């Protein structure tokens, strides 16, 4: 209820601060009999891990996950899966500045107003380090979806500041530090980031996630439409300011005759819907995109207030991502996986014994 | 769990189909002692009601609400508030066509795949008529927020197809059938809609909602950030394909030094955040926008399949909104009200005894 | 969250006061394709209805239920089922006495302390009239359980004050106003109640509910063990002060060698467990019993306080049940049905694809 | 949803198996600003810890708790509190027997039927070792309730097999291994247990918990009455077969004039209700009692089946509690604390701004 759980049936509860002893989570509701080992999770954590290129934060964390429960002889047992990742690189330093000042664009001020106290070290709970456990839990969901249903979930960088990118080569995203599916543009991205870093400033980005082979029927009308759940999950990622499905904001200027995806025995004619009809998956590909703001942790000086409300200047020192969008792809994929997994179980709970006579259409 | 409830503490559960006997809802968790009568709710229902101009569906529903419980001697008692609106204009006609065919862009196909059965009359549960009860419940939330906290929530049409509109005169929105805050452009909107209607086609729209005087501290990190809850609620409205907060998708091309809202004893310098920091309200204005797709109920013929999966043509006859965005403003306001109300109670549950020494900043 | 919903997947939300316009509920999560009509529900309502014998309250309510949604062409559609029962016999009278005094043993004082306001007419929300909707919702659950799984749920009066009763003839319970399965003792019960009524006093009772053919596997360890859910549901019925499963409180003096139910290929040797092992149904019969206190609405004068906290005498006039236990059997059955239905869906959500090689044992 | 979380606002999610690497939990929703250290929790864990007398299991666990998050500079921050206790004494041995046989009275058979797989080592998730984290989380709730509201929660052994015990000296319960408040009877208890141990058999017990200074207003009618929440929480403890509040099952034979607790400006005349009226705390003492069955882990041979369903004999070797009731007192106290804490937050969420003019009565 205090917001640290996600999902209704496949429920992930996370805990941990940036500079505390550990991050952890509990995954409750995982079906039994799924083969699972720490290395299954580690693979996805590795994709999110900081410090892999010069374009991301230089904080160096091994992010080694330990499974504390819920797995026996290599299989899930249906009992809760406890996961923990110890923090190792909590660099000792003086936090005096951010202890008493509220960084603009950060959660410092709002946490103080809400709780009257905050763990200011590295942003505490508001640090993007929290997303580690989203990726860990998402890896379990993703494995089930892939093995049992054949669902694939792949994200990519769709835009970096002014540079828009194609989605042509999804298999290439893991081969570069940008999760870019348009490898011909990699040089352009490198140059942009190098120039940006010199200014001490940061930049926004757009990430898209494509989920394929999603079975029809997922999503609970009316308030828990699949797109509402996706919007909830994706908007809960740090720095996200917008989300769209399929045509998204472009639908504003479309005509109905243009937007609707016609159907035939061969499948859907196109995919402007982004994978849902009436809040329920149609068998079309799920395509969701998110807008990430530029991080506010920059070395460009800014004006703010201190704990007494007095005017002060601030410069955010330390190790930061000049574009949080660069490491957001595995996180967005994880949230999509968690939503789909949860809704698969929800759908099956109510409708496991439904017989459907209409053949399922091929997606697109 | 099957998606017909919204909120955790201020919980709205709705029921009802387009052509069934009635629509209804239960509002559970409303604080006691709030003055409430049917007319308080009727006012908002009236704003959403169809058939008020030639630009919306000509279905004629009185939408008269009855309070069945939870109010005693003119005040809420803390027990659940039951509301019901009888359907009156369920025009008797032959549903043969949509009974056996799946309208493209509609929920027909996905409901059939999910449940194996569907109430095809007027779209059944997937009809926009369902939003009646969102508005009714939202009216209660809005009243509490206004009377106890001084919160105001006002929506407006930000874009109709290609026509973008200013937000200059929020007080004018209730004086025209478009909820337009840019009254100089009303003639343009009228002409556009008249021409559109002749083509039998439909158009998308963008709606924005502004909430002012929202207290700081609302929102539950990390998964139930205030923006995540807003995204969930707004994306659950029929036809919504995108949501953004503050700068939204424009944040992609912003620099951090540009996006962050600096603070001083005089308040926030500007509002690109859209009202939240780290998922918690900052005291800035909440500004959320949604993209609505053009309705798929058009008289332009299209291709689809029937229940056996065979190829057929379809024309959607009947009374429909050529722009669902035109009536969406009160619905979007209602969802924002429900989110804020729920999060106000959630915040107070955990933090009612918190003493904050830092003065609250003026929003913007 | 404010306590008017029951269940996680088969969710019942009720509303309504004793003397308000109506009682109602929403049943969300019912699987689609279940044949359902108002008469299916009416049958169970009839069993609970007041005024059927001289031993229960003489309030005369038709308790006619209307289905407002969720059923189409005689079948559930998977969308929420709205039910409403209008109150008709809200006898007009002066409530002056209970308006300003708190009846001892009643909810008057605690509602006032909690909400600062209460609908004092007939007990308002705290009236046993609220249980009408439990029975209505329970009828739907019971129908699904019976038709799809063969589960039968039968309650009976196990004790009336000092008179303990056998459970020998469960088929006889609907043939007498006591839900007594020991018809040879009916004369004794009649005499006891007639004498009691003359004193103006009331008496406690014990009700047992037996559920048979419950599939193994229901119940969610560790906090939502099946017995915990049953305890929750049964203890939430007005006037219940105790609950036990199987041997119950008698287990205190048992030895382990005596209590444990041995197993063999022929099934369980006996049933002291009451149907669960480790919080999960074993296939044994579920046997739950509840203790109901004597109603506090009696004509024997008593001492209490008024709204200013001053000492006053009180006599509760009006139409009341001298033994609330007499009408509690259908309510207890309904709660057991709701728990089993909810847990069946919960079990299936997580474990629908589990293959079990061990043969299921015959229950007892 | 899979049953490993308890509470709605003060939410405890536990994980861990008897012989896995660790037990842990997440406490979400704790108000910020509560002074908290590991030693606050350790004190309660110590009271539950096995191996402290010859009458309990000889498994030797340090049960040393580590706080992984949610506490900063000695105070809770409002973010989730992660706790972990490493298992240390997982004695290596051959589990062959219980691997392939289902112990009667144990969860072996039902877990296998539910999940198709089970961690059979020491009972896995169904082991009473799971309750460690209930006590840990309960310690936090208890501390808040004591410091902020003055609530005290004290449990005691009310009956051991045939020996019924007085509740006269609650301060003495921590001075003996039985949590007995009737120290004159300690010799009798010692003898009984010594004789029992020689038979290899086990015995049931009754535990009572008394909560004092509970504010009026806690409990959410109608389904989440305070007694329903207590019943849920207490019945979820391993081996509990019954629960009663106040007069409990004795209310069956009471008259209404005898049961009802009269009120006067001096307070309640007595306490048969057990602390609630209409499901809401009245300010009277909460008095809840539970019946615990004799453990089924005994060395008396019994008949059962194996995984193929064939008939086999079984003797449960290993280190077991001959009376699980002996160590259940801190666990029952913890569950009561969790229920009260959760309901305090729930009450405050809805009713924080309620003004009550009627003076609160003194409890008893």
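Every chain is named by a letter (A, B, C and D) in the order it is written, and numbering of its residues begins at 1.
Note that contacts are C-beta pairs under 8 Å (C-beta built on N, C-alpha and C of every residue); 3 or more make two chains touch, one makes a residue touch a chain.
Because the structure is predicted, anything quoted here is derived from the model rather than measured.
Hopping across touching chains, the smallest step count from chain A to chain D is 1.
In this structure, the chain pairs A-C and C-D differ in their number of contacting C-beta pairs, and the larger number is found at C-D.
Chain centres computed from CA atoms place A at the largest separation from chain C. If each chain is reduced to the centroid of its CA atoms, chain C and chain D end up 26 Å from each other. Averaged C-alpha coordinates give centres for chain B and chain C that are 38 Å from one another.
Between chain A and chain C the centroid-to-centroid distance comes to 45 Å (mean Cα coordinates, whole Å). Multi-chain contact residues of chain B, defined as those touching 2 or more other chains: 1-5, 8-9, 14, 29, 32-33, 78-79, 114-116, 125, 221, 346, 349-351, 354. Within the complex, the chain C residues that touch chain B are 1-5, 8-9, 11, 13-17, 20-24, 26, 28-29, 32-33, 66-70, 72, 75, 77-82, 84, 114-119, 124-125.
Across the interface of their complex, chain D is touched by residues 9, 29-33, 78-79, 148, 221, 345-346, 348-354 of chain B.
Contact residues on chain B toward chain A in their complex (touch as defined above): 1-6, 8, 14, 102, 104-116, 125-126, 130, 159, 161-162, 201-206, 216-217, 219-225, 227-236, 238, 240-265, 269, 272-274, 276-283, 291-298, 300, 302-305, 307-311, 346-347, 349-351, 354-361.
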